[in-house]
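Following are the structures in question.
Paired with subunit B in one complex and with subunit C in the other, subunit A is shared by the two complexes that follow.
Our next item is the complex of A and B:
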């Protein structure tokens, strides 16, 4: 009697498990739905429409009537201003990445040391610019780096480091440098938190074992910390690069793209064409610029993504050997 | 299952509420309240008019208790984007400020604006200053669409000086020539030991239209064929019908700016200052002079800065300079075609003609478009009449290519889309920062690009517009053009 019972029970258990699993899926789908609808409506739809607009001569109002095929793209390829702005975006991104990545790591390593007092206070302090409005930072920094009666020049003059005020934002190289420094300062805190998260995921046992083996701080850093951080460093690199390529509010408020467009980035280029307040807006042309730059960012992200994967695989191989 | 169903319904309900909240059943145009009170909506994009609107609306609502005017002051740099969105979403307010980026033919073509012929009757038209009713700017195909809020002479460039500084450093007469101005600036800088500069201008990229206007205005004293006009079709030599930026006037004016910078006459913060920052530095005595538009006068007055005077911009040899007036209305109101309260809108527009213009003059913001509105008003500040007189003298009626052929608007708009985005203010920035070494070549290149775009746009009009529409052989610079 018992055998048939057992044979009957097995499928019921399976059925129950499958029902439960399905019910779990329903719940999951239910919770995802609002977000998914918003994502499609507010992210996917505008992206798709940007592709559509890029093939039209369109000012942003009225019906899409003037289909001009690839004309916007052809014009864009010959537009020296677009390529200059493209270069400025790259310059900013490289500058910010080179400054932020190593400095934030050093700071994170310091704050990860248990000996340092007031760690939480300093972490908060470094994180403050992250939560401050970029536009406000831009306006304040424009005053700090002003030519006359401005804080930086006044300080340098007070300490007799310079005789005449430096025209920080009137010189193309200095203006870009100031923008990179301010942008790096703003983004520094969040990268430091990323590094800290990576550092805190490393087991204390490893360090202890290294200590017993006689490893000092630098050899521990070189042979243990940095290799373990390799996969997360690729993720941080990706986030820093993508952030650096999309700088708008800081440029708008700090330099407004000046002097003579030397700090104008692609985001500002797109904005100026799409919503020109003195001239006819060119939404189609701005969209084609956005698409082209978007494709570049996408390819770059794939490249870094490949690095992330490779870094992860290398670590696995090392772990096995 | 029932629980799941209830939850799903709850989620759907919540989500619909969110969407309903986003879409807003009451659009930005006319609304009627339960009490039968009609609400008309108004978007203003001129910050200097905020207070005048506020006062006028308060008085209007007292006299017309059944109408409520909801005023929204939209930041100028977001205005075009907001209009684009409103037109696309069919959410235009009942009344909204005109912006040249969205031209009259474009708006009438989309059928989104209402003509106001029944507000601006033929009899009323005669009250406005000459040239106000002009094709492509205030009228289209003979119908009036735009109600001007200020005189068409609005935004004339002039020179403002700080009387106290001039007295303190012994500058007895107001400079009329470039040399006199340079010497005055050098004296002030030297005597104040570098604490006070001769001149502050707003040269930041977002304010480059200011220096652009100052350059073109001063340049007319040397090359009068190319004039500046804040809201019109500017930069064209109407003798030849072609754009011309590499004129001796413009080149020499650019070089003069450099001379001012090299001699410590130009305040070092000039190229980083927007219009408010430059005014602030002037009011705070950091520079003895500023070159700015007419509206600066009202701002100085509002800020409580009293010790200033106004004069025309200095020119190379002290000869007069001028700016063109082509009938455009730099500030004016349009009415949405979809308004549900056109009757109330009409009442309000008539009230503007009768009261707003007077308030405008009383507050000293700007000269109204009807001269009679100035009669009998108390001068809002002592310099007001001085500013108005300079403005009236500098602005001269000039040829309007739209008058002879309204299709020229489309050509100009098409050309503008393909022309370089920089203006002379941006080029000045590049010249002063050392990025442009050969100013003549840069201006020549700009002229060629502008003309190519214009020629291409004329070609694409399929014969509806010709180059001759931009050529006025009967026009003499400095003489009011009556051929429009």
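Our next item is the complex of A and C:
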């Protein structure tokens, strides 16, 4: 970020540079002011307050008076529903990660290696679910799976895979499975683009050299492509994991946590306490759940971040040898 | 080994069949939106309805108020896109071209918000908007939608502006352009690709967002966006399946079209997220 070079200009101009530089500073401050206001008011302040609220008993109406120290957290630790929902979030995240990461990589390799016509067309096709509203997908899918006479049961019966319609969303295991499949379908395109970005950073020379050495498709993949992708795969893992842990739109519209709360995730747990509880909203309790889960996600991210760093260092060592 | 031609044909066949299955839910949705409610269940896998029931759209648009939801979605999305793009371009320009005191600190702060653990920030956001007295107005939703540190956009603008050679700025200043004029007339036009990426990503994000409009319009049906309107529609007209399909089509087709025409910029932005 260097200043424009003025050193080769005449001394008279140089005398003015300090004044000119200061004027540039004022402009720069002016330019970042709108961002600064939004940043302090709508980012920093809410983050700080999300911690503050978690120490109060507060319905969201009236002043913040009832400071109860760690009570919300203590209650949370004994709240079995919280821990069940915590597990549901983990279950969903693991399911989605395990499905999406490898399949999206296979697809990305297919797109990257083959010189087929219509690449953009296919990419658009497989990416399309990503740009659609998750909430609306949830509603459409609830109809596709939920009705006993709708699409999925119709299909399976036509091909004689099942005899009687299955109540997909009335069974806890099936409902979670449907949610994972729909979520994976929706998120797949993004991860495919992530992998493609990684693959395109590998220079064609390396492949050329491998070809000359007589390496076939699979040994090239195993010994060249995958090791090079290691650092970026850790980044993709991080993004996929964090995405999977914060599922709200889909669960709210597809199952609303049902049946019997068996698909309720932490984000829905918090929402229900803050905005949709039948009695008085418990903003403080909801906030403490948000903080606890936020810290969990943070620690997990640090763990993955450590993996990223390690993968990067391995590469450097290999590069030197 | 197979011939490369044969391999290509097989590959195309696989990609096409998989692709058809992949987007089948959307095809089903559009097809259902033109069926009658009886046909919706009775017609099995037949995709093309006997008679096109366009009245499903009329019902969704007028009776179920999708016209209003559509208008709200457009206003909220466009306003948010303009605010976010302008603010991020200004910030990126200052960070990318001027090494003012505090610049490093600003960069650290902005990136730090991506990593520090946060709680459920929508509750305080809700409180701020309430205190500003914007609860009964679309501007409240717009403000809440514009929140966030927009780290990716800022970094994209910063790195783009920092690569433009300084000679260009000198030339502009010799031509009598001040700081702002140089930005407005010389630099901003050069940054069109980044502007496009930011605008399209924010457009898709705002159009599809659910939690913010849901929370902010809980007691104000007249401010609902398409996603929230669709959700309340399901609650009110549970058995109107074809109306549901028509509403979903109204909500999804515009965003798909925007994506198809602007996809290069959107995909570059997504790829930028891993590269940063």
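To be clear about the criterion, the second predicted complex is superposed on the first by the 284 of 321 C-alpha atoms of A that agree within 3 Å, B and C clash if a C-alpha of one lies under 4 Å from a C-alpha of the other, contacts with A are read in each partner's own complex, and residues count from 1 in each chain.
Just so we're on the same page, contacts are C-beta pairs under 8 Å (C-beta built on N, C-alpha and C of every residue); 3 or more make two chains touch, one makes a residue touch a chain.
If you're wondering where the values come from, they're calculated on a predicted model, not measured in any experiment.
*Asks:* Should the pairing of subunit B and subunit C on subunit A count as a clash or a fit in the superposition?
*Replies:* Aligned on subunit A, subunit B and subunit C clash with each other.
*Asks:* For A:231, decide between first (touching subunit B), second (touching subunit C), both and neither.
*Replies:* neither
*Asks:* Just to be sure I read the superposition right, which of the two partners does A:81 touch: subunit B = first, subunit C = second, or both, or neither?
*Replies:* After superposition on chain A, A:81 lies in contact with subunit B alone.
*Asks:* Which of the two partners, first being subunit B and second being subunit C, lies in contact with A:23: first, second, both, or neither?
*Replies:* both
*Asks:* May I ask you to decide whether A:49 touches subunit B, subunit C, both, or neither, giving the answer as first, second, both or neither?
*Replies:* Only subunit C; A:49 stays clear of subunit B.
*Asks:* So in the superposed three-chain picture, is A:146 touching just subunit B, just subunit C, both, or none of them (first/second/both/neither)?
*Replies:* Only subunit B; A:146 stays clear of subunit C.
*Asks:* Quick check on the superposed pair: does A:297 touch subunit B, subunit C, both, or neither? Answer first, second, both or neither.
*Replies:* Touch partner of A:297: subunit C, not subunit B.
*Asks:* Which partner does A:257 reach: the first (subunit B), the second (subunit C), both, or neither?
*Replies:* In the superposition, A:257 touches subunit B alone.
*Asks:* For A:34, select first, second, both or neither according to whether it touches subunit B, subunit C, the two together, or no partner.
*Replies:* Both partners, subunit B and subunit C.
*Asks:* Once chain A of both complexes is superposed, is A:183 in touch with subunit B (first), subunit C (second), both, or neither?
*Replies:* Neither partner.
*Asks:* Comparing subunit C with subunit B, which touches more residues belonging to subunit A?
*Replies:* Touching more residues of subunit A than the other partner does is C.
*Asks:* Just name the clashing stretch of subunit C against subunit B, choosing from 1-9, 109-117, 217-225 or 253-261.
*Replies:* 217-225
*Asks:* Enumerate the residues of subunit A that count as touching subunit B in its complex and touching subunit C in the other.
*Replies:* Common to the two interfaces on subunit A: residues 23, 27, 34, 60, 142, 147, 149, 274-275, 283.
*Asks:* Write out the stretch or stretches of subunit B touching subunit A in their complex.
*Replies:* So the residues of subunit B in touch with subunit A come to 4, 7-8, 11, 14-15, 18, 76-81, 83-84, 87-88, 99-103, 106, 109-110, 204-206, 209, 267-269, 271-272, 286, 413, 416-418, 420-423, 426-427, 429-430, 432-436.
*Asks:* Where on subunit C does subunit A make contact in their complex?
*Replies:* Contact set of subunit C toward subunit A: 8, 11-12, 15, 19, 22-23, 25-26, 28-29, 41, 44-45, 86-88, 90-91, 93-101, 103, 106, 109-110, 113, 115-125, 127-128, 143-144, 146-149, 154, 162, 166-167, 169-170, 179-180, 183, 204, 207-208, 210-211, 215, 218, 226-228, 230-231, 234, 241, 244-245, 248, 251-252, 255-256, 258-260, 263, 266-267, 270-271, 273-275.
*Asks:* Of all residues in subunit A, which touch subunit C in the complex?
*Replies:* 1-5, 23-25, 27-29, 31-32, 34-35, 38-39, 41-47, 49-51, 53-54, 60, 110, 114, 116, 118, 120, 122-129, 131-137, 139-144, 147, 149-151, 154-155, 158, 185, 190, 193-194, 196-198, 201, 232, 235-236, 239, 248-249, 252-253, 270-271, 274-275, 283, 286-291, 294-295, 297-298, 301
*Asks:* Could you pull out which subunit A residues touch subunit B in their complex?
*Replies:* So the residues of subunit A touching subunit B come out as 23, 26-27, 30, 33-34, 37, 57, 59-62, 75, 81, 142, 146-149, 165, 167, 169-172, 255-262, 272-283, 285.
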